[in-house]
Amino acid sequence: MIEPTLILGLLILVIGVLSVAFVRPKTYIARLINLEIPAWGLLLIMLTYGEALALLTFIAVTAIGTFVIVRLMEWRDASC
Amino acid sequence: MPDIGGSDLFVLAFGDILHYFNPYTATLFLLALLFTGLVIASRPERQLDIAFGGDAYYAKMTTVSEMRFRRFMAIACGLASMGAMASGDIFNFTLFVSLVGITNVGIVSAVRIRHVLNAAYEYGIVAMVATLPLFGGAALILGTTGTLSIQALAAGGFAVPLVGKALLALGVIGEGMAPFYAAKAEMFRAPGAPYVIMCSLSSLLIFLRVVEIVITI
Amino acid sequence: MIPVYSLGLLGAFASAGIAFYALMRETDGLHRLLLTDLVEVVTLAFIALLGTDLAEALILPGLVVGVSELIALSEIFRIKEGYTRPPADTLQIEVMNTAPPILAALLVIYGIILSGFSGGAVAGLGVIFYFLSRDPGERFELIETASGYSWVLWIIAFFIFMVFPQHWFFAVMLAGSAILVKVMAKMSLIGTMRGDPDA
Amino acid sequence: MLIISRISRVLSNFQHLVALFAGACVIVSLIGIFSLPLAFEENQLYPKTLDPASSLYPYDRGGVPFGPTEIVAQYPENSPYAGYVTTYLTPLSQYLADHTHYLGTTIVAHPGGIIDEILYNTRGLDTVVETSILFTAFAIASYLYRRREEE
Amino acid sequence: MIEYLVFAAVFGLLLLGIHRKVIARIQIRPGPPIWQEILHALKFSFKSTWVPKTASSALFVAVVLVGIGIWSAALFVVLAGESILILFAIYMLHKIVEHGYGLSSGSPYGKFGGVRSVISAASEIPLFVTIAAIYLFTGSLILRDITAYQDIHGPLLLIAPPVALAMYIVILSKMPYGPFSIVESKELVSGYKTEHFGAWRAGLAVTDGLKTFVLLYAFVAIFIGAVPFWAALIIMTAVLISLSFVCAVTPMLSPFDSVTVQGIITGLMLIYAGCLWWVMS
Amino acid sequence: MIAPYVVAAVAVFAVARALIERNTGRKLPYINVMSFAVAGALVMLLDHPLSLIAAAAYFVGSTLESNAIASTYAGEKDGGGGRG
Amino acid sequence: MNLILQAAFGLIALAGAVSAALIRDSYGKLISLGILVGGVMPFIVDRGYLDVAIAVSLIAPIATIFVLMVVRRAEV
């Protein structure tokens, strides 16, 4: 029996990757927000295998990564 | 175990991660050591540039802070390639390769020439996405064989999937080999020969090592 | 009956293919940076599919490698594009007046309890969030020094494990706290790196 | 000859490199899909068993404090104290484990636990390299950030 | 062992002299005497020697020594019958040394030579296909084992001609005046060698001699097998003369075209090795 | 036990309503309903005091999130697209 | 958690993911992301990782607030 969580995670991962790859409207912000979708898919995959610690760290690091890009876009807005 | 680089000379164990030397990897390791020593010993050259359309030429000077930073990066790069030469564990090897990639970016990122920075950025993107084939390849090999130790894999009895090997090789190529070398060539126009050479050397060395790994496992 | 691992690999390879296809078609610098972030996520999916304790231990370094390369590249991109004027104002909405100190404190405390990588990441996020609403000030040098020393402590801990394994208890304590300080300090530095270098 | 010079014009521009590499990765991903199914080796290193009844769930690996635990390492002889870390609980984590049932992750992340065992002891060098990567990346970022724009 | 080194260097330089002579004769020029390269090396040894003011001095001197060192090591690897992987590693690392020559001086010509030598890194890649193909046949990469294999099965040149062709092209791309020698094209004065003069240039000449000798000797050992030493020398000369013919009648490619041609050759070799692997497994 | 199903049904309904709604400002109340329902579900899934805390944390978090979205959205509309 | 509840929350998560992917407006995307989180959270709690659930539910809004910092500027 395949875990439903894994199926759901893989589905969301693929949907998320598609949404980032072929983003509409093609703006930086849309892409940045869409980046969160595959992250949650991956989280479900980790959850399936009980990798709780990795999951926790992953969510924290994803937020930090988002901040890094946000910071870059702030500099960009300030300079342009 | 297929005979590739000669028999093992020396094995150094860190828990589950073995480091081993055979004549082949020992040669590569010594070269990395030699060039790291050179990086420490030598000062950057003063690169001369010709101003086209006239007889004038000017020397590019490297500031002290920039020189220090790049020297630090080049030494780190040398240490990383030494580690990659000796490592006997696939995941550990991929980590060392990533370290080589990021130090390579670091060596050139300190240069203020816009053209060089552009090349460094493009190369950095490649180096960063190359972690997918690297780690993905290592994970695939672990998943299908249940071990990461190169010596255990070389002992035989494991069916390493070809795509795992291909991913591993592709990852190392992404960290800086031909034909992706062209981006590096742009990076190489930066002054500071000893450090720039380290970029080139390290990526050659990791490539030579991955050839051995792919044939061995 | 479909083998679970192959199904997972199908998803992971498909995601990798799509992500790389998008990267192939993309020419803009910042969009490429965002796509590399996507690629990192797919990388972790490959490792996560193993489902052993080792997989988890490999995800943590993989995560940190990804985010550190992202940080370095974003800074190179900023210099390359010549974005030199620091951003001026922070987010002025009412939740930002009350939420950050409480949330940041919770996260930092929880991170310290966790220790290790995970703790470092969680606490670092808390500190970043706190710096968002405050003026970071001149703490750069101090944080950097702390992180440098904690790195050295971790190396020492590693050698205790390898050379004097009977002192494993001391080593695990040292390692856990050193990594915590190290990762947290590095992450919180991003929070201070928002404004003017001389702020 | 024309086609060769056209290819070389594409290659010579480093703007195309990312695309080239990504294209190669797409091809390898396709190869990966076609080489499925790949058999999962059941005999893994550091396998895990989940025991939802334990207060250390999902990280309960058995063993007694300050004693060895059975963990499947590649070279157990290289880390003679392998498994000791896994069973150690600090007073705080002991307290949490005694009183609640659902804080397994917190308890294990606190010093001592299977992940610490792997990260610091048996595969400690991975962590050394990984922290070095973090260190290097930050060295680059902070150097670029703090360098004064003095052109 | 020192006598082997001296012999190899001198014979290698002689081969280079023959190379020049043959090219000149094909192009209906008188050409220099065949010992010209040896004389060059001797002449430079006694010329005054210093380090340019702009150079990174330690590197400037060290690369010369490294160049001689790695090719001496390669010579011993070939003579002792060790792993050919080491030999090819050294061959690839020669690129780094070339790069070091070019960049360490600070001269723009040297720099362009060095950068071009980096661009042409693709020229080495066929080597690995060669290695893989040889490995598929012999199951080993130790030169002794390969020679032993050829004693039983006959020369690899006949078993797998495309592999031999790949290595031939690799050697061709290292020969001066050839279609791929973009690092030494005349618009760069002397390419990466521009700023090394006096004793350093003599060292460079010794490196070149050793390199030529080792590569040709390795070609003979890998693809023809165990032959008496004198016969090996004769075969090497014959191979060299064929190389000279190719060099004499082909124009030099532009840098990136050269890379592309080498890349295409690599691709074809890769397909060949893939087919080989498919058939053999 | 019928309660979890009711709560789940409420959550699904709220999500459906929120997705149908075109106007961003009017989506937020439905999101609040959903987060309240999910928080309730969290409590009912595991019978333990700590799950109460988890539910509270989730509710606080999601409320914070929708508040932040709402005030940024409102600030933008009032400021006419200026710097909020 | 039985199949009906799993289906319900899985549906919520999927709906959140799909709508976040399809909606063009940034605020709408962020709200859909909130729906996705709401769908995922019961799965975490169901496994018994309450500490993880608490941490994740506190971190998720922080990420949204980070994004809001740029959304506000771009949506002119």
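Chains here go by letter, A, B, C, D, E, F and G, matching the order in which they are written, and residues are numbered from 1 within each.
As a working rule, a residue touches a chain if its C-beta (ideal position, glycine included) is under 8 Å from a C-beta of that chain, and two chains touch if they have at least 3 such contacts.
Predicted model only: the values in this text are computed from it and were never measured.
The minimum number of touch steps linking subunit C to subunit D comes to 1. Here A-G and D-F are compared, and the pair linked by more C-beta contacts is A-G. Separation between the centroids of subunit C and subunit E, computed from CA atoms only, is 47 Å. Rounded to whole angstrom units, the spacing between the C-alpha centres of subunit D and subunit G is 25. Distance between subunit F and subunit G, defined via averaged C-alpha coordinates, is recorded as 10 Å. The multi-chain contact residues of subunit B, meaning those touching 2 or more other chains, are 14-15, 91, 95, 98, 102, 105-106, 109, 118, 125, 129, 132, 140, 142-143, 179, 182. Multi-chain contact residues of subunit A (touching two or more other chains): 18, 28, 32, 50, 52-53, 56, 60, 62-63, 67, 73-74, 77. Residue positions 11-12, 15, 18, 22, 25, 32, 38-40, 44-45, 48, 58, 79, 101-106, 109, 115, 121, 123-126, 129-130, 133, 136-137, 140, 144 of subunit D are each in touch with at least two other chains. Against subunit G, in their complex, subunit D makes its touches with residues 52, 57-58, 101-106. By the touch criterion stated above, subunit D contacts subunit B in their complex at residues 11-15, 17-18, 20-22, 24-25, 28, 31-32, 35, 38-45, 73-75, 78-79, 82, 121-126, 129-130, 132-133, 136-137, 139-140, 143-144, 147, 151.
Residues 4-5, 7-9, 11-12 of subunit D are the ones that touch subunit E when the two sit in their complex. Against subunit D, the residues of subunit C that register as touching in their complex are 3-6, 9-10, 13-14, 16-17, 20-21, 23-27, 32, 50-54, 56-58, 60-61, 64-65, 68-69, 71-72, 74-76, 78-79, 84, 110, 113-119, 140, 144, 147-148, 151, 154-155, 157-158, 161-162, 165-166, 168-169, 171-173, 175-177, 179, 182-183, 186, 189, 193, 197. Against subunit C, in their complex, subunit D makes its touches with residues 15, 18-19, 22-23, 25-26, 29-30, 32-33, 36-40, 44-48, 61, 71, 79-81, 84-85, 88, 92, 106, 109-112, 114-116, 118-121, 123-131, 133-138, 140-142, 144-146, 148-149.
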